[in-house]
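Since the structure comes first, as structure tokens, the remarks are kept for the end.
Per-chain residue numbering starts at 1, and chain names A, B and C are given in the order in which the chains are listed.
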Amino acid sequence: MKVLTPSALHAWLNALARDRLLIAPKEEAGVLLYRRVGNADEIAFTGKDPQRPVTPIKQAFFPPTERLLLIERLPADEPGGSRRIRLSESLPEGEQILFGVRPCDARGVRVLDAAFLEKEPADPYYQRRRQGSTLIGLACPEMGPTCFCKSVGGGPDDASDVDLMLFETENGFAVQPVTEKGRALLDGAELTETEGEPPRSALTDPIPVPDRLAWPPHFQDSFWEQMAERCLSCRLCAYICPTCRCFDVRDEALPAEDGRELYERIRCWDSCAGEPYRRIAGGHNPRAGKGQRLRNRFFCKFHYFPEQYGHQACTGCGRCIDLCPVNIDITEVLSHLVVG
Amino acid sequence: MSHTASIQAKARELLETGAVACVIGYEIGPRGRARPVFVESPEGASRLVWNQACTHNLAAYLPARLRPGKKGEPARPVGVVVKACDSRAINVLLAENQFAREQVHVIGVVCPGVLEGAGQRSIPDEASPGEGPLQARCLRCAERTPVVSDTLIGEPFAAPPATLEEDPLDRLSGLGAEERLAYWLEQFDRCLRCYACRQACPMCNCPTCLFERDDSTWLGMGIGLSEKRAFHLGRAYHLAGRCVGCNECERACPMNIPISHLNRMLAREIETAFGYRAGLAPVPGPLVTVLDRGEGRP
Amino acid sequence: MAEQASSNPMLPFLGRLVEVRDLAAEIKLFGVEMQNGGSEAFAGHRPGQFAFVSVFGKGEAPFGIASIPGRPSPGQEGGRVLEFAVNRLGSVTTGLHELGAGDYVGVRGPMGNSFPMQDFVGKNLIVLGGGIGGAPLRPVIHSVLDRRADYGHFSILWAARHPSLLVFTDEYDDWRSAPDTDLHLTVDEPDATWDHNIGLITNLLARVAPSPENAVTITCGPPIMIYFVEKMLAEMGFAPEQCYVTLEARMHCGIGKCGRCNLGGKLVCVDGPVFTMAEVGALLESYL
């Protein structure tokens, strides 16, 4: 196997950061986050417990807020005339290297790819960012206490969704290129040929995950209302989820001069757990109940999404389990479906 | 009898007699973590527990639960398990007419303090409370006994608040205005606008939040720094004279934003100016609505 | 949106309002003349499709297209004008109501599937519209009336809460006078001059009692109306495959990405808005 020694790894990353946007896990106020880094010293290479950053890598392709259009209302040509409109797209540009992406997050990108790109028309904003990105994965030596990636098709050392995979070894990081893009990234890296294979990760016992077809009979279960009673209807679980991708669109005013009006059309993350998610103008809300909303969250991940795209929209990262303020536990939902 | 047994017995009685429709308390959820539970039958009372991981402020569930029905019919009474801090929230909610006193049966528990990491770590039973330090707010707590209760569980005891070596408020107050702003902007920058803080807060019960991105005509929808700053500072002001210091906002935050510093700073100002602490006693109305000539205590 | 495949589906075409008129209380009809590429994109839109209309500075919202290509609106030539009936409810619709002829709006679309008019040929049609829900049904009515001989008996059951909320009143005489066509009107709260039926559309449906034999029903209205109409149609012996509905839901993209409009595993924007009860019957309860 080929290995990057710690010093070779630093040199390689520093070179990458010099001429490209490098995003990597970084600790800020005790929280591990994917952040832009200027050099390798800023990177948290080995997260403790949990190993993954608090927010998933999705923000690199689907930022919390992004401008879709810039809208100008120009003054009328003649008094009393109509104001002309000028529209311009705000498509993102540039390249980015995402370092230290854990396999669960990388698998989340597979879900986002399906949702944003698979069916026509592709989302051009997501597409641009995705095409301009190279993913460098980092295997987790072992699964954390809330991780269940292995039970939803992934694994702590699964390299299928990255361009290049790194594995922690005794004398550095073993390197496994996956795509051409990943191989090309290694140009100029100082690789040491070492005996042996990249280490396999330690696994925890799998949890039972019900089949997609097991869900519909449970749609009317009282379980949803009971479980959701404690739900705070915040949007935390969706925002820290590597696969949640719902958004909201609105126009907002920007400062402008010369009798012009300037607006931006933005889109922002949203969550189906929030009360206004389905509320329509006039006030009617078909998902006014917390139970209905949480049910949608779980049906989306394990029934609706698989129905449409053929795979689950959960990567078993365990973030929602760790962070829900009232301990709504996705594995408890899954076991309800299995046990009944 | 353990606190757990006492809570279970009381809940069973309240549900058997029909005095309440539901008891909101704590249970041990998956992974041994304490979490809120809503018990609606006498048989369900055996789920209830008490231990030093019972950190959630269950008073936060009361306003929605006790709101009148669609046809104006009053909601049936509810029993609720509270610690001293949570009980102060009930006083504030009563002062703000969120529900009537007779709509709640308050099961107060004398509280030895809640452990750091409670809610997120496994503390399965009362007998083995687990290791580790108390939450800082519990170390500072001067009232271990709920200030309002219909049933009191545990023997009241005096526990003078610990003097902590360093209070971050003092450090922050010592900074210049620009440095302090820079500090806060750095904190707010991490915010996701997920509203976990607001949703966990017993006082954040406005039917439409001024800062709700879906409805607000005051604040943009973006998850950007200016919106986050307006939200956090605005929320802090709206909690002035109302925040009881349960710290659920900060605990719920996935991004370690020290929200409690803002709330405690305002609480400190209000105590200095008016000699008032939110929820300590039943009061006729919220502090900010009391306009007595001397602006003295309400 | 194949016409637009290479461009940005979130970028609207510009359209100019050529007509704004009151249709009912708080409901206006907007005629939009598409600019540049828009007229080609919308040249072949089909009954049941919808579009996002932008009020620049306020945002955009989806509306069923209330017109069909090739049928000139009164006073408009060439049939290149798209019509939308809009109820003033939220900030976008309020913004739209404040605009007048000559103002620019944005339009994205046409979006969604459509009523399979070809499959309706030779069948008896029963159209049930409630309030503003009548708007996306008008293209069906116009299509049938324009090729009247292609279809069997045509019943239109048209309802509103109050007479002032009935839409397209100026067209009722045309509808009634078409061969083998009947129009039944009902309101919940009549005024002094009202001389048609009184009560919910389900009462009217019970009275008209259409036969399921060789028939198709097409329904649009508030969710609760759709729910009870479909329930009654089922009781009357209509098979789920015979019952078409067009649904609305909160949505923000119209291209199957934003996730808002799901009804079970279906997305109203791309899998709908037209469904048969065979597709969504079991899900309708969660639509209420």
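We adopt the following convention: contacts are C-beta pairs under 8 Å (C-beta built on N, C-alpha and C of every residue); 3 or more make two chains touch, one makes a residue touch a chain.
Computed from a predicted model, the values in this text were never measured in an experiment.
In terms of which chains touch, the assembly is arranged as an unbranched chain of neighbours. Relative to the C-alpha centre of chain A, the farthest chain centre belongs to C.
In this view the innermost chain, defined by its CA centroid being closest to the centroid of all protein CA atoms, is A.
Taking the mean of the C-alpha atoms as each chain's centre, chain B and chain C sit 49 Å apart. For the pair chain A and chain B, the distance between C-alpha centroids works out to 32 Å. One inter-chain figure worth recording: chain A and chain C are separated by 37 Å, centre to centre, where each centre is the mean of the chain's CA atoms.
Contact with two or more other chains is made by residues 248, 250, 279 of chain A. Residues 68-69, 71, 73, 81-85, 87, 89, 91, 115-116, 119-121, 123-125, 219, 245-251, 253, 261, 263, 265, 267, 270, 272, 277-282, 284, 286-287, 292, 296, 299-300, 303-304, 307-308 of chain A are the ones that touch chain C when the two sit in their complex. Per the touch definition, chain A reaches chain B in the complex via residues 28-31, 33, 54-55, 64-65, 145-146, 226, 229-230, 232-236, 238-240, 248, 250, 252, 266, 268-269, 271, 274, 276, 279, 321-323, 325-327, 329, 331-332.
Of all residues in chain C, those touching chain A in their complex are 1, 4-5, 8-12, 14, 16, 54, 56-61, 87, 89-93, 102-104, 106, 222-223, 248-250, 252-253, 255-260, 262, 264-265, 270, 286-288. For chain B in complex with chain A, the residues that touch the partner chain are 29-31, 33-38, 56, 60-61, 119-120, 186-187, 190, 192-196, 198-200, 212-215, 220-224, 248, 251-252, 254-256.
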